Amino acid sequence: MSEWPFLDIVVFLPLAGTLLIGLIPRARVGALRIGALAVTVVTFLLSLGILMNFDTGTADFQLGTSVEWIPEWGISYITGVDGVSLWMVMLTTFLMPLSVLASWSVERRAKPYFIFLLTLETGLLGVFVSLDLFLFYVFWEASLVPMYLLIGIWGYRNRVYAAMKFFLFTLVGSLLMLVAILFLYFSFPGSPTFNYQELLGTPLSLGTQRLLFLGFFASFAVKVPLVPLHTWLPDAHTEAPTAGSVMLAAVLLKLGAYGLIRFAIPLFPDAARELVPLVMTLAIIGIVYGAAVAIVQRDMKRLIAYSSIAHLGFIVLGVFVGSIQGMSGGILQMLNHGLSTGALFMLFGALYERRHTRRIADYGGVARSAPVLAGVFLFVALSSLGLPGLNGFVGEFLVLLGTFFRYRWWVVPAAFGIILAAIYLLWAYKRVFHGPITNDANLRIPDLRPREMVMLAPILVLIAFIGVYPKPFLDRIEPSAQKVVDQLRDSSALPEAAVGDADAP
Amino acid sequence: MTTDAVLAPFIIGLPLAGAVILLLFGKRMGRVAGVIGSATVGVAFILGVISFFSLLSRPEEERAVSRHLFEWITAGSFQAGVDLLVDQLSIVMVLVVTGVGALIHVYSIGYMHGDERYPRFFAYLNLFVAFMLVLVLADNLLLLYVGWEGVGLCSYLLIGFWFERRAAANAAKKAFIVNRIGDFSFLLGILLLAFTVGSLTIGGVNSAAAGELTAGTATVAALLLFGGATGKSAQIPLYVWLPDAMEGPTPVSALIHAATMVTAGVYMVVRFSPVFEASGGTALAVVAWVGAITALWAALMACAEYDIKRVLAYSTISQLGYMFLAAGVGAYSAGMFHLVTHAFFKALMFLGAGAVMHALAGEVDMRKMGGLRKAMPVVGLTFLAGVLAISGVAPFAGFFSKDSILASAWFEDQYALWGIAVFTTLLTAFYMARLFFRVFEGDLKVPEGAHPHDAPRSMAAALVPLAVLAVIGGVINLPRLVTLEHFLEPVVGESHVPTGLTPWVLGGIALLVGIAGILIARAFYTTTAGATRRQRLQRLAPWFVTAVRNKFFVDRIYGRGIVLPGKALASFSSSVLDTKVIDGVVNGVAWLIGRGAEEGRHVQTGYVRNYAVITLLGVVVLVGILFLRIGVA
Amino acid sequence: MSIDVAVFGVMFVVVLGSSIAMLFARNAVHVALFLVVTQIGLAVAFLLEGAYFIAAIQIIVYAGAIMVLFLFVIMLLGVDRREALNEPLRGQRPLAVGLAALLAAEVLYVAYKGSDLITTGGGSQALQDLNADPGNVKALARVVFSRYLLPFEVTSILLVVAVVGVMVLARQMSAISPVSARSGSSVADKEEAA
Amino acid sequence: MTDVPPGYFLALAGLMFTIGVIGVLVRRNAIVLFMFIELMLNAVNLVFVTFARMKGNIDGQVLVFFVLVVAAAEVVVGLAIIMLIARRRASANVDDVRLLKW
């Protein structure tokens, strides 16, 4: 069973699925939807094979393949998953069918839409499983294009500006990364290779490491996004169609954090260690700034976008504090944010379909006309603001705990972000769902339809499940997380600030 | 496994299951929802009683059983499980929560009758009870935090139950956010303890507090935890949410904002008393003083309030202050005792107020009421029991509990605190009597169109038992007889009530002060002469009256001082930093490139000959470079 | 030696003079005629350097066929059109002359410094021998049909492409005016002659 | 064969080429422009022939042969295009054809 190359099949199945979609005539929108749904569902089911065959006990890469691609230049096709990428792959395959469901109302140019959506899935999955820097870069850029088109063609009014901004921001970042990759490639002492695992051992001076780290960091920081490189996100989120927002928030943003964990830290551990204060400062600024700005947004999608910035700040903070709690929490939080923010976008997308406005002020009292929608929204919002018992809390708590273990005072502004999260989410919730109905258009908003319930139910179940019993997730994350933490920490210089150290603050 | 350990998960599970069932299928149930909701809590209460007796049946030192359910969060060396602890303290809380909770559920069947979201109400109530039980049964600070935030959530849901009303929606949001501010502090406390102690189990934390924890760490940890308590238990400076929370349905106010949730802070302080003790006095002093000042502060505001529910809300804040005062002077069992009796009489009064509102079509302004005792005798009588109990009139429940707090303060040599507490007793008796006289005594006065009627059966079914408990509740801690104090001793440590004449004298003073308060209120509010006396008194210090009527401007100060600047800063970030500065740079670069291209493209004149000249220039330069590079010959 | 130098001198003056005259001739026909003179002068230069065949085709193809083609087109477009004296592009003339002077200086410098350097192999003598033994045309033919066979064939393709291209253009021209068809075909004819 | 030094021929070629360049740059009639290009080609031919003499083999002359053919093709197509443009715009002035500006 495990001989099956599940991983590679899962990665390329959506791309193959575009051929299927290509065969369906353009006018048969219904068939297109069903086709896309079928492809994504099958992909998800196959990805369960990855989950089942995953060996919990090891931090090594598993289930991958390795074939030479362009041997002259040391380029190979190498894939594999570990505890970090496993969940990212699962998150992608899990959310994709739901995104297709969220795209049910796409009538205009449905065929290319679904083709791009499926291409996007392959691109994203490819990023998460590539263990060859060249391959990684190819997928990295490949995931950019379909998203750009999704925003630029199926977005809302200001979509071209948003798509362009998104594209240029990310492109500038990734070009710096390309330079860094090439530099690394040429400084590798052995026979030239892009193989990630071989490159890990490249001897580099600290100065070089620092530059290369910043090169990678530029790309990932834009994608995360860290303040002040974040302004593409609100625009892109606001203008993107629902499924685009979902994938953007849930998976695309994770590429940045994932890249930091997979590439930036292990490849340049000394530089990473040295630049921890910088990255942590940016992360914390992101937490507080993102949340504060979210409070005053008038546009619901913008608000959620800014909340993403705050959440991603938490993730980066956890990744860089250099403790296993922070790292595990950060990785789990990547999953959590994908679920809850994805669901928030789906829910608001559903609301948008009913009312065709994103302005918060246009709503009010919706809980009366659509109680189930309101209830589900509240549930997801609570997950997003870190209510204990739901998934967000587990990740946030671990991040804070990890931060506290290493950098005591940094935890205060980070935890302050939790208050702000409550403020912006509940205030927005109040303005949208509570209060009297002042606008007659809100009087007859249909409640969630069965399709939407089917789309949301799996997410809600997972949100509650991770909140109550995160152990299966943490168990699989921990070995890989530990490995990265070890790389980030110079064990000789910093003693393990283990739980139980009784030194007083 | 022992009976109590086996039962513990079920005590939580029943209301939780009720909540889930009601949320999912409540819509189709109609009135049955109320019955299911009440039944789950009722059965949970019975299970609690069984557990209680099972605990009692064991020797005193074995009355704490912990049960590990499953691992929750594990990362590296950090572990937090879902563990339940049944001991003397938690079982008392379980009994209060489920007992009072069950009565209020029953009451709600009548009170919420006809509401369109009737099943939803019971779902939320059940969910609340479940979270509250998680809070009190948790054997682990992190799990306690789950309950802690969970009850906050339910409080949010229930305050905003009538979310169509703007005030209700605002109050709900305010409650949650203010609580979150407290929780921020609480969470930091948890992190600190997790770091220094390494374990978050109650036993682990408390034994570490007794042992290796330094005074400095303990002080910081205790104060951070207490910061959480000020939010949840509505103490200065975070009490502002509670009066607004009265926008919720009255049973909610009774259950959450009087009897149970708001006392969670007190429970937590008592639970982690070793941490507070370990700080060497500082933390406890802060707790005591915050409690005392809050008690006085809230009592003052209660005197000027006309909204009956808000009077009760301020009174709750004030009484919670008493409990913290008790905890602060080390009289944990006294605090717990007052917590229990307060749960009885305050729930009773809230329910009574609810019955009044129910009868008067939702009217809450006491100026529009009067003489209702004749119209609704059951309510009037039971309410009177509550008033007497809270005013500390012997032999009602409040007398005993309040007296033990006052005595503890006195014997801990905290005379200033004692003085404040006694004065507050006077105020308490005054404003409660004022409320009673205005609403129930005098000539019949009702808002137009209202037809006052006595409480329906389901409501009376809750009022009467609570009234009985308010009357006789004191017996659970009759000095040197059956004592709660003694029962709780293994958890909170011995309390030493001295013998001799002093306790009697102190008790007498408290009693006299309480009666005095009632008499003053009678002088002011029952006769027509009272009104003129009132005016004369108000003229003495008009600024004070204004200040009290405006709640000392606290809400306004918070609004102007924190919320507004915060919002302004956020707006600034959003509209200036983000759109002008950062996006300005981004768009500026784009503009610059565009502009440069716009200018630069004029190089393309379209004249072939122009291009040819440039080409020639290139050729000349290239040949020149070749000369320089390789030279000739 | 003397006669060679004299011939070279006369050729030099004629070629350069008529080139410069091209610059100043207002009328396109005059320019063309001066160009013919230049090319004939060049043919003399070729003869001087022992390139007899090239000298011949220089006169036949260049001065003959191609220049006739030029004249043909000038006639078609109108003979008496004269160019205006003014220069609409600012700085074009001084810039052109200046840069050209620089270029000339560079080239002349190379000619002055480097003329001896590339004199390798047999030098003039070897070429003289070739011209003597198989003869200039034969020697040329041997090289063209052996070493340069492929380029030669490619050239023929180029010519075919040019022919086809001109025919396409001629069709477009006939869409503009019926007269043009004739000129198009005549171009193709000339081409074949070349 | 002559014993005039090749440098003189090269100098002549260089001057011719320069004159051709100037002509292309200053004249505006498309046909005239073309003729100056021919002049430049001729200058190059002279260089080739001179080099052939200097190197003592005939390859340089072969190249002239090719240049000639290319020049012929170029002239044919070029003149056809000029004709086309001149007919459309009633002018053979290169300055009039500047659609590809900015």
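Letters A, B, C and D name the chains as they come in the text, with residue numbers starting at 1 for each one.
Keep this in mind: contacts are C-beta pairs under 8 Å (C-beta built on N, C-alpha and C of every residue); 3 or more make two chains touch, one makes a residue touch a chain.
Nothing here was measured: the structure is a model prediction, and the numbers come from that model.
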| item | value |
| --- | --- |
| Selected interface, A-B versus C-D, where C-beta contact pairs are more numerous | C-D |
| Whole-Å separation of chain centres (CA-atom averages), subunit C against subunit D | 6 |
| Whole-Å separation of chain centres (CA-atom averages), subunit A against subunit B | 36 |
| Distance between the centres, which are taken as Cα means, of subunit C and subunit B, whole angstrom | 102 |
| Distance between the centres, which are taken as Cα means, of subunit C and subunit A, whole angstrom | 69 |
| Touching two or more other chains - residues of subunit D | 21, 25-26, 28, 95 |
| Residues of subunit C touching at least two other chains | 89, 92, 95-96, 99-100, 103, 110 |
| Contacts with two or more other chains, residues of subunit B listed in rising order | 605, 607, 609, 613, 616 |
| Category of the chain touch graph - line, ring, star, complete, other | other |
| Residue numbers on subunit D that touch subunit B, as the complex places them | 21, 24-26, 28, 94-95, 97-102 |
| Partner subunit B, residues of subunit C touching it in the complex | 89, 92, 95-96, 99-100, 102-103, 106, 109-110, 113-114, 117 |
| In the complex with subunit D, residue positions of subunit C that touch it | 1, 4-5, 7-8, 12, 15-16, 19-20, 22-23, 28, 31-32, 35, 38-39, 42, 45-46, 48-51, 53-54, 57-58, 61-62, 65-66, 69-70, 73-74, 76-77, 81, 83-84, 87-89, 92-93, 95-97, 99-101, 103-104, 107-108, 110-112, 115-116, 118-128, 130-131, 136, 139-140, 143-144, 147-148, 151-152, 155, 158-159, 161-163, 165-166, 169-170, 172-173, 176-177, 180, 183-184, 187, 190-191, 194 |
| Of all residues in subunit A, those that touch subunit B in their complex | 165, 168-169, 228, 230-232, 234, 289, 292-293, 295-297, 323-325, 328-329, 365, 367-368, 371, 375, 382, 387-389, 393-394, 397-398, 400-402, 404-405, 408, 411-412, 415-416, 418-419, 422-423, 426-427, 429-430, 433-437, 468-471, 474-475, 478, 482, 498-505 |
| Subunit B - residues contacting subunit A, complex | 23, 70-78, 117, 142, 145-146, 148-150, 153, 156, 160, 163-166, 168-170, 172-173, 176-177, 180-181, 183-184, 187-188, 191-192, 194-199, 208, 212-214, 216-217, 220, 566-567, 569-571, 573-575, 577-579, 582-583, 586, 590 |
